[in-house]
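Each structure below appears as structure tokens.
Each of the two complexes below includes chain A, the first together with chain B, the second together with chain C.
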Partner chain A sequence: MFLAILAGFLLAFAAPMLYRWLGKWVYVPMALLPLSIFIYLLTLAPAVLGGNNLGEVQQWAPSLNINLHFFLDGLSLLFALLITGFGTLIMIYAGGYLKGHPLLGRFYLYLTLFMTAMLGLVLAGNIISLFIFWELTSISSYLLIGFGHDKETSRSSALQALLVTGLGGLALMAGLILVGMAGETYTLSELLERGHVVTQHALYLPALVLILLGAFTKSAQFPFHFWLPNAMAAPTPVSAYLHSATMVKAGVYLLARLTPVMGGTDEWQYTLMLIGGITTILGALLATQHVDLKAILAYTTISALGLLVTMTGIGTAPALEAMVVFLLAHALYKGTFFLVAGNVDHATGTRDLTQLTGLSGSMRFTAIAALLAGMSMAGLLPFFGFIGKELVYEATLEESPFRWMLFAVSFFSGMVFVAVAIAIGYGVFWRRAVKATPLQHPDKAMLYLPPVILASTGLVFGLLPGFFVTPLLRRAAEAMLGVEQVFELALWHGFNLVLGLSLLTVALGYVVYRFSNRLLSYANRFNGIYRLGPANLYQLSLKGFLAGATKITAAIQNGYLRSYIAAIITAHIALIVLSLWKDGPRLELTNRLQELSQLRMYEVVLLLMIVPALIFLFKSRSRLTSIAVMGIIGYSMALFYILFGAPDVAATQLLIETLTVVIFVLILHKLPAFRYLSHASERYKYVLLSLAFGAMMTYVILIVKQYPLDSQLKAYYGENSYLLGQGRNIVNVILVDFRALDTLGEIVVLAVAAIGILAMLKLRMQKGDKP
Partner chain B sequence: MKTVILAVAIRILIPIFIIFSVYTLFRGHNHPGGGFIGGLIGAIAFVFHTMTHGPQQTVDTFLKINLYGYPRQPNQSRSLYLMRMMRVNVWRRRKMAHHPEIKERMIRVEPIYIIATGLLLAAGSGVVGLVFGQPFMHAYWADFYIPIIGKPGTPILFDIGVYLLVIGVVLKITFVMSEE
Partner chain C sequence: MELILPFLIGILFSASLYLILHRHFFKLILGLILFGLATNLFLFVIGRLTRGGSAIIGQDERVATEPFADPVPQALLLTAIVIGFGIQAFAIVLIKRVYQSFGTTDLDDMNTTDQIEEKH
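Coming up: the complex of A and B.
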């Protein structure tokens, strides 16, 4: 499993190169990778379906208890097969969809990166690595949505998706750490057995809130649903793969994964049911208000995600069964629909439902795929979607205080799904039209094969539910429930209440479809409500955030070097005075004054050089004089170092002074004439500040010298400099050997500073540029 | 700034400066000196040159390598071609420079490359330890002794990195400031 992930990352970054070598054939290796992982997972499947959970550990940061655990049980297997199987088709599809695009290599890089991250997410056996893969999916989704980066909308949509899911990701990290603290382990397999410990823990509630925030943002639940329709700015393969089949289901996966750990409590159940229910209704309602194919699909996806969350929230055995079945069914038909929408868009140049008619003649295979997917989505009899819907109805109709509300929610969404299925699966292709929408190019095999395969899978699963699907889904539901499950999927349950309700849904759905034009005419009436919607709140808060950041930056970074230095020094003085005031030792001045009599002659001479020079510097009105005087002060300082036995420091000081003076002289004649720009009082303020700083430093040094210096370090370096460091110059041995890492850091700073100076002086801002 | 005395003097002084800076670099391990100080001394030489001759002249004199070459003939063997190229570039430079077939190529050593090389050497000296399973920056010393340089070892490599980086940084700053 580790190798699969590693191969994914390697191939992802090789994609641009492969594109250069292979041209349009680049899709072959890119599709082979998910295919081979898919086959590899199938070889593991018998063991997992036999009830053994597979694990694998790679040491990563054992000291932090973070390892690369991989963990494969029924639930992960279901998702992993979905990701790789669907991924194979998408890779082929993308090759046809973006054929000839100059950035196809980059596209494959992002897409493979995403696929690998998603695979890592569902295979992760450690909640920290799960989180890391989770964030990787957010980032790669950002890159994929913003793939058409020359368009303003894709950029802002990408940013929106990143901000919303990234915010959720942060919350999720905090939540997962809290769960780890409550369960005292980060390993998933251990955590799964400590559910009762976690739910009783004091940290349960905050952890729950944070994790739900993460899951809801990722799975586009109300009130974070608004990013998903905007994310449709991405190329269609991305919408199909990320925003219907896999990434948005990561939130559902997380909830399912954590059901044994955190589920079963009232808080869990009610929140999930409430939010999921609202999302279901809202998504279904909004889907009827659009004519753009992809927008409709996006809103029905939101609705389906809401239904999945609701099912997870109910948490009973039938509900969880219904959830996994519906999840698979939804991925199959919604993925197909997205691919079909992409085909239609590619061939006709429009996605407007009202303009597309009679395409069955010109796009035969796409039309068949759409029909199959539509029948599955509508829940017609021999299809997998039918089984899913039956189970959902059954689960909602179970004995519970909310049964009618839950049923109403699923019934309503089912009705809209039928209407949408008819509109796309039938209306676009098969409805008789006076004049079919003209094509810009004929249907291509690379574009229609993936949806056909996907749609027929839905049919095969529906006809043969017992073949592979039942054991897989059973194990998946088991992973959530934690107990052995026995359920058989069957197409035909006999004539009962649920079947009648199914038929009623289809009938009512057809009615909705007939009146969809009238529903669309109401679209404008809701504009007032949209203004208060979360999408607008997001815009407002983003604007406010940026404005606030601009203000703070303008206040703190005013561009005057003197005010930065003044701020640093003031803070320094304040901190030291504060700590000395509280519990600092008192200075004994009497002894110190006596020591003054031992001053040597040359020390006095140096003092007499430095102090008048400083005063002179302050009064000087010529730059050349100032530089020369600065040089005097610097060299005198170097003399001090020599007197006190620090030749290395002295040499450095001398050279730096020389360089400073030389460089100053170099640019002297280029500077503008010397002028006083500030008022005299301003300058006296700085004099006071520097006096205070000097006084404070003197005081600190005096206090330090008051106590005998008992440093073991000095002795250690003295002893070992030659023995270990092979050098007799202790200073240099410390610099390049004992504490070489510090020096490395310093020289990196130096290099960065050089680049910074270059940027500051060379890259002038053009008029009108943004800072 | 054109001062004849300094301009003449610096030409003679530059080799001395550079030799002294290298000497300081290598003596640093046992006596006062080291990469930082050595680098500063080396940089001062160039800075003085820039001061008297201008940055363009400094670059032309010290930081540019002229390479001469011509495209390989289809029937010429590779080794012969390489030999010819080496001859053109090493011991017949002056004579061949004006040959009609020979094309001139210039390699300009940007100070930023010197900085990068220095950083690479310094960081690379630490990686040696990693390769042999020791912690980053673990020191390795050779057992023999080379005159002037002393015992070779990874800390010396680190010091050379510092030396190059300091020269590069000072040169970069000087060039940027004086080119304005």
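Coming up: the complex of A and C.
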């Protein structure tokens, strides 16, 4: 399994190169990869179907106990087969759909990246790696939606999908960590057996909210559904693969995966049923309000996802069985429909339902695929969709306080599904038309074969439910239930209530189809509601977010040097005060007062030079005087150094002070006179800050000097300066011998400053340079 | 002296910070120089003061004998003073160039590159 993932990533990044070498044949290696993984998974299938869960551990950082776990049970296998099987067809289809596109190599890169990430997501045996793959699918989805990046709508839709699913991803990460804390393990196989611990834990509720947020955003549940129809800006193969069959089902997968861990509680059940139910109805309702083929399909997908979530929420054995069956059936017929829509778009140049008629003559095979998928979607015999719908009805009609509400939800969506199925499977292709929509490009085998294969799979599964499908789905349902299940799929259940309801659905669905034009005419009346909808809310919050960020940046980074410095100093003072306040040492001055008596006369003289000089500095209005005053302060410092045994420092200070004054005088005589530029009110603020800073520094020194200095360096240098360095001036020996490299660094700094000064002096402004 | 110097350093720091917070470029430079002086003195005082003994080994001795001043802060100071001079010289030339190019020494007139545009 590790190798499969690795190969996927490698091939993904090789795709652009392969496109350069192979041209239009690039789809062959790209399709071979999912095909070979598909076959590999099939070889593992017997073991899994026999009831064994396969695990694989790839050592990553064993010392940190971080490993790559892979885990394959019925549920993972179902998804993995779906991803690779569908992936194979999509790779071929994309080769035909985007034939000759200059960026086809890049497209394959994104698509393979996504497929690998999705495969990693369902095979992950560790919830942390599951999260990483989850984010990877979001990112590759972003890249794929924005594939037509020259269009504004593509870009904004891609960003929207990324922001919504990315937000959910963050919540999911937090939720998974909480679950890991509650269950005390991040390994999936161990976590699956600790469900009772997790649900009793205090962290259960926050974890649940966060994880549901992740799952709902990914699976486009209300109120996050709005990104999915916009994501239809992606090329059709992407819509079919990511936004119908696989990625949007990642949320459902997550819920299914975590059912044994987190499911079974009231919070879980009611939230899923409520949100899933609303999404089902909303998606179905909105599907009737559109004429764009892909938009209709997107909304019915939302509806189907809602139904899957509802089924997961019900959580009984029949409901979970219905969930896996419906999931597979939906992936088959909805994927087909998307591919069909892509073919129609490709061939005729339009996706407007009202303009498309009578295409069965010119697009024979696509028409057949559409018909088969339509019958499966409508839930007709003998298609797999029929079994799915029967099971859904059965599950909702089970004894429960909400049975009629749940049934109404599934019935309503079933009705709309029938109408949509007729409209697309029949209306576009087979309805007799005066004049069939003309084709711009003929239908091609690479385009019609994948939908035909998908649609016939739906038929085969329906006719032969016992073959392979039943054991697989049974194990998938078991993975969610956590107990062994006897589970038989049959096409014919005899005449019973459910069959009658199925027939009623089809009949009413046909009525909806007949009146679809009437329904469409109501579309405008809902505009007022849309304005309050989450899509608009998203736009508003995005705008507000940007405006807020601009405001904050403008406030923090305002371009005024002194406010930056004030902020730094304030933070500095605050941190030091905070650390000294809590359990810092107390200042003891009383017993040190006698030190004052040791004060010598010449020291007092120096003090008396510096303090008045400072006062004079502030009073002075002339540049030259202030430079001279600075010189006085500097020289006084040098005298201090002499008094306290640092002749070298004093000498350097004297030299530097002289040089500074000379440079000042040389350069500054051309500058304008001094002015006070700041306002008086501002000045008070800065005076206070300066005083606080000075007081803090004084306090720090006093505190530090309360303790003896414990340094062995003084003794070391004193002993070894002559013996090792052959010099009597210890400071000099340190600079040129013990720490010679540091001195070299200092010289380099000076050289750099000199180069900078030279460059500034030589710089001449060019004409047109703006200050 | 041990008790007076901390207060002197505090005064120097206050004065230098106040100068730095001015809008005038020239005062900023004065503040920077003063800040450097204060910091140097800070380092020196933190490293303990020794009266009447420099960090030099006597002519007929092979190792230094107490009392002698701690050479480590002195070595640090030497480096700090020289590097501080590099910065000062650079800043002084910079202010000249800025005035030549922009005709102003007001720092508030030189903040356009650091502000984001409110509207695009």
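One rule holds for everything that comes next: the second predicted complex is superposed on the first by the 560 of 771 C-alpha atoms of A that agree within 3 Å, B and C clash if a C-alpha of one lies under 4 Å from a C-alpha of the other, contacts with A are read in each partner's own complex, and residues count from 1 in each chain.
Here is the rule we go by: a contact is a pair of C-beta atoms (placed from the backbone, for glycine too) under 8 Å apart; a residue touches a chain by one contact, two chains touch by 3 or more.
Everything numeric here is computed off the predicted structure, so don't read it as measured data.
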_Contacts for A:Ala695 in the overlay, against chain B (first) and chain C (second): which applies, first, second, both or neither?_
second
*Where does A:Ala555 make contact in the superposed view: on chain B (first), on chain C (second), on both, or on neither?*
neither
*chain B versus chain C as contact partner of A:Ile667, first or second or both or neither*: both
*Looking at the overlay, what does A:Thr652 touch: chain B (first), chain C (second), both, or neither?*
both
_One more residue to check, A:Val748. First (chain B), second (chain C), both or neither?_
first
*Give one of first, second, both or neither to describe whether A:Leu596 is in contact with chain B, with chain C, with both, or with none.*
second
_Partner contacting more residues of chain A (chain B vs chain C)_ = C
_With both complexes overlaid on chain A, does A:Ile757 touch chain B (first), chain C (second), both or neither?_
both
*Should A:Val611 be classified as contacting the first partner (chain B), the second (chain C), both, or neither?*
second
*Determine, under the contact definition given at the top, whether A:Ala202 touches first (chain B), second (chain C), both, or neither.*
neither
*asked:* Need the overlap of the two footprints on chain A, from chain B and from chain C, as residue ranges.
replied: 647-648, 652, 656, 659, 663, 667, 670, 728-729, 731, 735, 743, 750, 753-754, 757, 761
*Using the touch rule from the top, collect the residues of chain C that touch chain A in their complex.*
1-15, 17-18, 20-24, 26, 28, 30, 33-34, 37-38, 40-42, 44-59, 61-64, 68-72, 74-75, 77-79, 81-90, 92-97, 99, 101-102, 105-108, 111-116, 118
*Contact residues on chain A for chain C in the complex?*
550, 553-554, 557-562, 565-566, 569, 589, 592-593, 595-596, 598-600, 603, 607, 610-611, 614, 617-618, 623, 626, 630, 633-634, 637, 640-641, 643-649, 652-653, 656, 659-660, 663-664, 667-668, 670-672, 674-678, 686-687, 689-691, 693-695, 697-698, 701-702, 704-705, 709, 711, 713-714, 717-719, 721-723, 728-731, 734-735, 739, 742-743, 746, 749-750, 752-754, 756-757, 760-761, 763, 765, 771
*Note which residues of chain B are touching chain A in the complex, please.*
1, 28-37, 40-41, 43-44, 47-48, 50-51, 111-112, 115-116, 118-119, 122-123, 126, 136-137, 139, 141, 151, 153, 155-156, 158-159, 161-162, 165-166, 168-170, 172-174, 176-178, 180
*Quick one: which bits of chain A touch chain B in the complex? Just the residue numbers, please.*
647-648, 651-652, 655-656, 658-659, 662-663, 665-667, 670, 724-729, 731-733, 735-737, 740-741, 743-744, 747-748, 750-751, 753-755, 757-758, 761-762
